[in-house]
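These notes open a run of structures that come right after.
Consider the two complexes below, in which chain A is the common component and chain B and chain C are the respective partners.
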Partner chain A sequence: MVTCTSMKIELINRNGVVVISPSGEIDMYSSPLLRKELISFTKKKISPVIVALRDVTYIDSSGIATFVEALKRMMPYNGKLKIAEIPESIMKIFNFSKLDKVFDMYESIDDAIKG
Partner chain B sequence: MTKEQVVLKIASHPRYLSIVRAVAVLAAEHCGLHYQAVEDVKHAIDEACSNVIKYAYRGDPDRQIVLCFMGSPESFEVTIEDDGIKTRPENLKERSLDEVKVGGLGLHIIRKAFDTVKYDESKEDGNRLVLVRNMIEEE
Partner chain C sequence: MQMETAIEVNGLITYYGKREVLKNLSFSIPQSMTTVIVGGSGCGKTTLLKHLIALLKPAKGTINIHGKDITKMNETTLIEFKKKMGVLFQGAALLNSMTLADNVALPLREHTQLKQPIIDIIVRMKLDLVGLTGFDTYYPAQLSGGMKKRAGIARAMAMDPEFLFFDEPSAGLDPVTAAGLDELIIKLHKAFKLTLVVVTHELPSIFKIADYVIMLDAGTIIFIGTIEELKASTSPKVKMFLQRQAEEEPYRPEDYFKIISGS
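This part shows the complex of A and B:
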């Protein structure tokens, strides 16, 4: 478990697939921690990486930018960044930023593993 | 009618952004904004303060940001002041929402939440960002 005051990150191994599960608020203070975790996987060219957002209560543009950066780092090796269990309030931000068309999004972690 | 004011002074460290959001929610609710509007202005004020930290203070965590929340039956107004590098409104980065790139989303979020987004040019040193959301009947 990796933590800062406003966010915690739990790493789950689901049938051999990496699932990053942040909880709390992703903002300018906490997003560097999420970035560090994501980049550690992209450096190892791990794919897919699944991010489960079920317990995220807030995300700002720095959090969204963190996902965009990770996605771009994965493109050269055809890696897949899959986002699952997105709460309605967080989905609104993805929709507004039109990034819902860019990311692979799934209702559940199991769907993300199968998809 | 005199506008009710709440003033919040914070250091320019990102760890205080959660406090800014909490106060923004309370001030917006007190002003009578509905749930989605409260969420929108909270997000916008957070993005505006992040921009101050990032651009006006270039990440220096020991400077000061002063927020003033003002409510009236006509509007919910927020001013955000810093003593950092002067921001030129024409230089604000706003990416097209059709571009997939890092950065530039914050300004869209600010403009979605507030009807007026402008810099007070009368402030000589630093910046004073003025955000105004007009109250509408359902609020």
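This part shows the complex of A and C:
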């Protein structure tokens, strides 16, 4: 588990698939931790990368930018970034930035694995 | 109207030299609303705004933001606190030697450890938000007045602030550009539920963007309330301002002669 003051990240093994599960606030100060985790996956060209946001209470521009950068890094190897279990308040931010049409979004981790 | 308080000002007094410019002001600014501070030129609007963003310290009084008095904070605590505040200054205050992208990136480079690829994405997000996609390599001198203001808003929004302060956003803009800026302010308010504080004397802006109004006259508050209450106000000074009536000459011609002749 990786932690900082406002956020911690757990890696969950679900039927052999590793899921990144941050909890707390993804902000200007905590998002570099999430970025580090995502880059460790994209460097190994892992696909899909699944991120579960169920326990995230806040996300700011740096959090959104972190997902945008990860997806950009995955594009050359046709990797998929799947975001699951998105709380309503976080979904609104994705909707506003129109990125709900760009990322693959799923209701549950199981749906993300199957999809 | 049920309102949660974001900023509470109590007994604020300030001087420029010996002249008292803010005279014992007490008021609250509601959370997640657009509060407009209005009044004629020289009434103390901008001075008040400078106190709210801790650029000036009052001679007396307190300014509580979420229960913390910013007038008593030391420099280190204040810097942390100011990260929650975005400010659009009257002239946009962009750095002319920097591109728009670098201007917007400046607070992120100063206050965070974010890596350049993330800063680049945030800058593009903020420029898109204010309708300036594709202008990242432009310098302020290459932009119109309205575009400079928009770029100033993008920079003010860089750190995802909780509070956004605008000092005369429409100053120096033609009516159409000014209306466009009002639309942008409304859009930001709706999208991010920010607490906005706008200093202006532009009547069309007041009626378009304000939820809550504080009217100043010669350093004192002459009206405080919702936009509906402002429209219904029977105060002669408020009515005079809303009907764009000039105040009566304060002197008789013979008194004026005495003043300028020094007799």
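Here are a few things to note about the model shown:
As a convention for this text, the second predicted complex is superposed on the first by the 115 of 115 C-alpha atoms of A that agree within 3 Å, B and C clash if a C-alpha of one lies under 4 Å from a C-alpha of the other, contacts with A are read in each partner's own complex, and residues count from 1 in each chain.
Throughout what follows, a contact is a pair of C-beta atoms (placed from the backbone, for glycine too) under 8 Å apart; a residue touches a chain by one contact, two chains touch by 3 or more.
This is a predicted model, so every value here is computed, not measured.
In the superposition on chain A, contact of A:35 is made with chain C only, not with chain B.
Applying the stated contact rule after C-alpha superposition, one finds that A:6 touches chain B and leaves chain C untouched. Touch criterion met: A:97 reaches chain B and chain C at once.
Measured by the number of chain A residues touched, the leading partner among chain B and chain C is B.
After overlaying the two complexes on the shared chain, residue contacts for A:61 are found with chain B and with chain C alike.
With both structures placed on the common chain, the touch criterion links A:25 to chain B but leaves chain C unconnected. Contact with neither chain B nor chain C is seen for A:47 once the two complexes are overlaid on the shared chain.
Residues 27-29, 60-62, 64-65, 68-69, 96-97 of chain A lie at the contact with chain B in one complex and at the contact with chain C in the other. On chain A, the positions that touch chain B within their shared complex are 5-6, 25, 27-29, 58, 60-62, 64-65, 68-69, 72, 89, 93, 96-99, 102. Chain contact summary for the complex, chain A toward chain C: residues 27-29, 31-32, 35, 60-62, 64-66, 68-69, 96-97. Against chain A, the residues of chain B that register as touching in their complex are 13-15, 17-18, 21, 39, 43, 46-47, 50, 53-54, 97-98, 100-103, 105-106, 108-109, 112. Interface residues of chain C facing chain A in the complex, by the touch rule stated above, are 108, 111-115, 117-118, 121-122, 125-126, 159-160, 191.
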